[in-house]
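In the two complexes below, chain A is the common chain; its partner is chain B in one and chain C in the other.
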Partner chain A sequence: MTPQVALPGVEAYREAFESIRASLPGERGAAFEAFAARGFPTNRVEAWKYTSLRPLARQRFQPAAPDMEAAVPFLGDGPRIVLVNGFLREDLSTVSVERWTGPDGMAEADGEPLVALNAAMAGDGYALTVGEVRDEPIEIVHATVPGPAGPVAQSRNRITVEPGGAAHVIERHVGLGSGAYFVNGVTEIEVRDGGRLRHTKLQDEGADAHHLWFVPARLGRDAVLESTVFTFGARLSRNQIEADIPGEGAELSLRGAYAVSGRQLADHTSRIEHRAPGATSRQVYKGAIGGQARGVFQGHIVVAEGAQKTDGHQLNRALLLSGRAEIDAKPVLEIYADDVQCSHGATAGDIDADALFYLRSRGIPADAARGLLVRAFLSEILEDTPEGALRTAVEERIDGFLEAGA
Partner chain B sequence: MSRVAAETVEQVRSLGDRYKYGFVTDIESEQAPKGLNEDIVRFISAIKDEPEWLLEWRLEAFRHWQTMTEPNWAKLGIPMIDYQDAYYYSAPKQKEGPKSLDEVDPELLATYDKLGIPLREQEMLAGVAVDAVFDSVSVATTFKAKLEEHGVIFCPISEAVQNHPELVRKYLGSVVPYTDNFFATLNSAVFTDGSFVFVPKGVRCPMELSTYFRINAANTGQFERTLIIAEDSSYVSYLEGCTAPMRDEHQLHAAVVELVALDDAEIKYSTVQNWYPGDENGVGGIFNFVTKRGACIGARSKISWTQVETGSAITWKYPSCMLHGADSVGEFYSIAITNNYQQADTGTKMVHMGPRSRSRVISKGISAGRASNAYRGLVKMLPGAASARNYTQCDSLLIGSKCGAHTFPYIESQNRSARVEHEATTSKIDDDQLFYCRQRGIGEEEAVALIVNGFCREVLQQLPMEFAVEAQKLVGISLEGSVG
Partner chain C sequence: MLEIRDLHASVEGQAILNGVDLSVGPGEVHAVMGPNGSGKSTLSYVLSGREGYAVDRGEVLYDGRDLLELEPEERAAAGLFLAFQYPVEIPGVGTMTFLRTALNALRRGRGEDELDAMQFLRVVRQKARALGIGDDMLKRALNVGFSGGEKKRNEMLQLAILEPRLAILDETDSGLDIDALKVVAEGVNALRSPDRAMLIITHYQRLLDHIVPDRVHVLAKGRILRSGGSELALELEEKGYGEIMGEAA
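Take a look at the complex of A and B:
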């Protein structure tokens, strides 16, 4: 690698890192140096071709501190885990979980520079282990309080589903109040042999937030992971899932719906590595993009040598709702085994003119008809979300998006 | 001694002892000394008696090239290439300046016959004009007179530089500038020959234009430069076919093809590429780093690329369309077959700028043995591409468990009214189909060839007749040894 004079963001973060280093559990120097060696990725890095972190790297953020005053809204009265500014709030949580206690686990610091930054600076996080079948969804709230210094909240979390365990975990990301802040988090997911996890993420950060979340996942034999993400908030957001499937017969489903407008950028990046025979992966991402917003989808399926009978499919569809909206998609297949069924599809364009005409010819005004079609388009991702607070919350956000005249 | 050879010797003398190792003139070729520097660029330009502006252009390209590094983003393992360890100019031996085929070196003609390029037969039967390139210098051009009648110019580019400098100067580098990419820049500095086609306004080229490229002398990089210009409402179909004999050392090939289509013009460019792919252990074979790009400048213009890529050890090639014109059309039909240790990273770029521009991409990749076959494509809708349309389909077929098939599509849309659709699949040969064929007494290899031909049919049928037959055979031959 060619040495660069000033890597974006490094010096400011070094200062911040040194200021909190003593309070962090574990030894973090190596992780920070792994970040410092590369800095914030630029557009020249292939994985960040479409999402520029330049403005983020220029901004100065202070490490967020625990906030004991924050009023956190909940979806319901079910079991919950609450984190504020990246710190676990046991007083607000109703599920007893372990704290994350220092660097280990799957998200190694030598991968993405931002994961290394998280590994260096994360001060807290939850570690949830599911050993039995849990019927009631567990709500996990990641709340961040913006502040004048622009806090950076970095938590490191882990969900483990033991053999025979099953659960539905809802991770919500919210900003409490207006102002800039930066969330750089990691949730590691491990579903062991025969375990089942439904993981739903509702990203509803503040309008000036930057949200980067990295989800390394591992699926054991016959494990099932269904992960769905709804993205509405943040000025810039990236949800990056890297699923490793070493388990035969595992089933992975990744779904996403996003609605962005103004100058938002929503990036959904996934990488699925099939390393064992007979596993299945399904991906469906749908986005409605208005204003001058941008949608980014990068999906990567790898089928390693020997992962025969792999069944991997990927679909990405985007609706461009305004003249200045933009979508960039890169669905990649990388296949080293012959007995496989893999495909991807991508579409981009405006609302279907024929469908619009059909509705208008039946007396439905243009705006309402468009709204109806956008709702229908996104609702595919909502299909398997049962009636309840989560579904209502997502629907309200879609309505809000449409009412704002995206 | 031929005129070219005499010139070569004269050049050496005039350049003095800088070339102390002289030229290898022993067997069949006249060669410039090994290596690449400004003097070699000047030498190539001088031997071709080029005007000052072209020499300057070459030198600018060369200087720019020295600041560049080889691209490494493709999914290819490219061995280190020593650009100083190659010859940048070699001319085939000619006994006399040929006025007709009879005067062409019979040894050359015999080689062509082996390759299945019967010049005479083609001249008489197929009605195809062949501008055969043998190691960088065109030796025979047929049907010239007939084309001239229609006002079509079809000649080696070096001839075009002499006879039509205004056209060459206007269009050379207009689609692929000399700064474009490492290999195109190298080509701009040292290109030795290639074809030039100019179809004037309203003319429908009366025959398919065809060129056979062939790499012959060991260690000779081929740097062809092709420029095709179709004026308003004209049509031309251009065929390019390549074969190369067995050899062990890697050979570098960095061609540039530029197409320009003005209002209502249509250019159809077909390629069958069957260069030496290396042996079954991956030893030897051609490195094929090609920059092909067409500009649909005019309204309602159309450029269609069809390629059958079965040869070369490494293929790096992305025939592209720049759709400037309103209602312009770009097409890309491709079959890429890799076997043994071959590597291919190929695809297209469709850049939509004009309103209602349309593009269609059909790519079929077949990977066997230990080969790696990647489709890499870009579809870009710029803000001006109102109501533009793209449809892309790339299918990959895997034969054997040691090969790889990859798809890297890039889809970028900045226009809401533009529609982009992309589909890709990867699978293996259907066992049922194979069983069906076997059950009817068709051998396994033959059955695979049959099924693969069916898989590629959409692309094969885009080829002109003469090529389609050859290409179908090629599909079967390329996969020999991949089953069983």
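Take a look at the complex of A and C:
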């Protein structure tokens, strides 16, 4: 079905899709049409009310090239998986994983047009299965090389934790060099009965990047998923988690810390569906927003009928470091069971004037005092990250944010 | 050392200080006493540079310099210290990190080398022990979850570590039981020296049993109504503020 009036972005992407269609595994026509029928969502779509993709839809991107020469920086010498421009690079990886081979996963039926676009155009991705307890964190690097054509990198990835399996997976997103590019990725997460996954994302894309990442997650009985996202890079980014909890007694923790300035926009959107009794979900998102930057938090908790004893809480706090910084927060609780504990809270404000004065009165200069307070504000999200390369990388990004005079 | 001349200050357009004159010399300990609402805390905040306090008239000289034009951190670097009536809780900032950042900022300002972690730890441990502050308290976030007495002792620890030349103690006795009061008073007395001045702001006389001031001033309605020796504190305790304020009116 081709609409009468071209929807934003559709024709350019149709051209791009046709140019790579023959090289893609699986048949993608239906997925592309699912995208084409809706195009890039506008602000009239409720889920995209605060995050405008209009400039992104107008920009033309070419499908990113595979096999690029790339000097990818790593956090440590531990096991790693590397993707460049959305393509799995076995030559740079030390963990052998399967490749993603075509649309069949949970995200297919989803109503998000950009997920459909990913399903249509993703050429590669990793599929990591954890069947045992892995002590060493696995570092997964998604690197993108900007180019004159403004590449779009789309990968489709999957992490599966089997019963009895446990792992810490770190996904890092970096741009190699300056320039515009667009990343539209998906990481599906399935933690089966009794499995445990710590998933840490460090989004450190280039300054002119657009980063949209969709994480559909499913938790089995007594499964544990602890997800933490650190957002620093990209002109516009959205991290969207949709967690389905059909497993009784499962525990989900979603945490996020972000620091943005200039004209950045950082969107953290979550939807948690409790479908079984006795599961818990905890969400804490904290952002430091400077310049004319904007933060968006949308947290939606659904407690289905029968999901008794659900314990679901969400908290969103923003520190507005300039008069033109902005946060849009929309919490939604949708509860169909009667014996549950659910709550949400949100705060937004300037640095606490009393705390600032207290520090300055002890001789700490104003800038250093503000830095101390911003670090302290974000530190809650970092506290369960042990000393090491990951923690250092996050702290350095916070320092960089402060030094840039956010 | 400190010269306050005809100081008028207001908060949100409301006049609080209406012409304070006060002079404190090196090595002297002065007490400013007054009933609630007399302007005691406003005086301490104006001296330490808190935002929101407008100086409408008068001047404050510190070692002959115009104190009021300095930023709060510049006042601290010049040797001024305010022990807060309500120390601020700052989650996420470790007490030790805070103390070290503050001390090293002051040392840098004085052209001294910064202390490394080990040197700093020695300094803090020794001074903390004297105030009955244990390691567990030092490991917590700044003032978070501290009892009223712990907060006040933490203020005294900062006083001991930062070694200011002019210390303003704002209602340091409030929230302290008698044992804690003695510990704090001993700590303050140990810091008395010929080149360090102190301004003790208090509602009650009991702290002055332990820290005997050289001069006592009665602040009421935003002005110093009476000054005298340490015996004035006892007289106030006996007669109350009403009589003295009545006399002056």
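The rule is simple: the second predicted complex is superposed on the first by the 398 of 406 C-alpha atoms of A that agree within 3 Å, B and C clash if a C-alpha of one lies under 4 Å from a C-alpha of the other, contacts with A are read in each partner's own complex, and residues count from 1 in each chain.
Throughout what follows, a residue touches a chain if its C-beta (ideal position, glycine included) is under 8 Å from a C-beta of that chain, and two chains touch if they have at least 3 such contacts.
Bear in mind that the values here come from a model prediction, so they are computed numbers and not experimental data.
Engineer: Scan A:P365 for contacts with chain B and chain C and give back first, second, both or neither.
Structural biologist: second
Engineer: Quick one: is A:R134 in contact with chain B, with chain C, with both, or with neither? Answer first, second, both or neither.
Structural biologist: neither
Engineer: Quick check on the superposed pair: does A:R375 touch chain B, chain C, both, or neither? Answer first, second, both or neither.
Structural biologist: The second partner, chain C, only.
Engineer: Per the contact definition in the header, classify A:R14: touching chain B only (first), chain C only (second), both, or neither.
Structural biologist: A:R14 sits against neither chain B nor chain C.
Engineer: Going by the contact rule set out at the top, does A:K330 touch chain B (first), chain C (second), both, or neither?
Structural biologist: A:K330 sits against chain B, while chain C stays out of touch.
Engineer: One more residue to check, A:A346. First (chain B), second (chain C), both or neither?
Structural biologist: First partner only.
Engineer: In the superposed model, which partner reaches more residues of chain A, chain B or chain C?
Structural biologist: It is B that touches the greater number of chain A residues.
Engineer: Could you pull out which chain A residues touch chain B in their complex?
Structural biologist: Residues 46, 305-306, 308, 318, 320-350 of chain A touch chain B in their complex.
Engineer: Touching chain C in the complex: which residues of chain A?
Structural biologist: Answer in residue numbers: 352-355, 357-366, 368-369, 372-373, 375-380.
Engineer: Can you name the residues of chain B that touch chain A in the complex?
Structural biologist: Residues of chain B touching chain A: 73, 75, 381, 383, 396, 398-428.
Engineer: Applying the document's contact rule, which stretches of chain C touch chain A when the two form their complex?
Structural biologist: Where chain C meets chain A, its residues are 48-51, 71-73, 75-77, 81-82, 84, 87-88, 90-93, 97-98, 101-102, 105-106, 109, 141, 158, 162.
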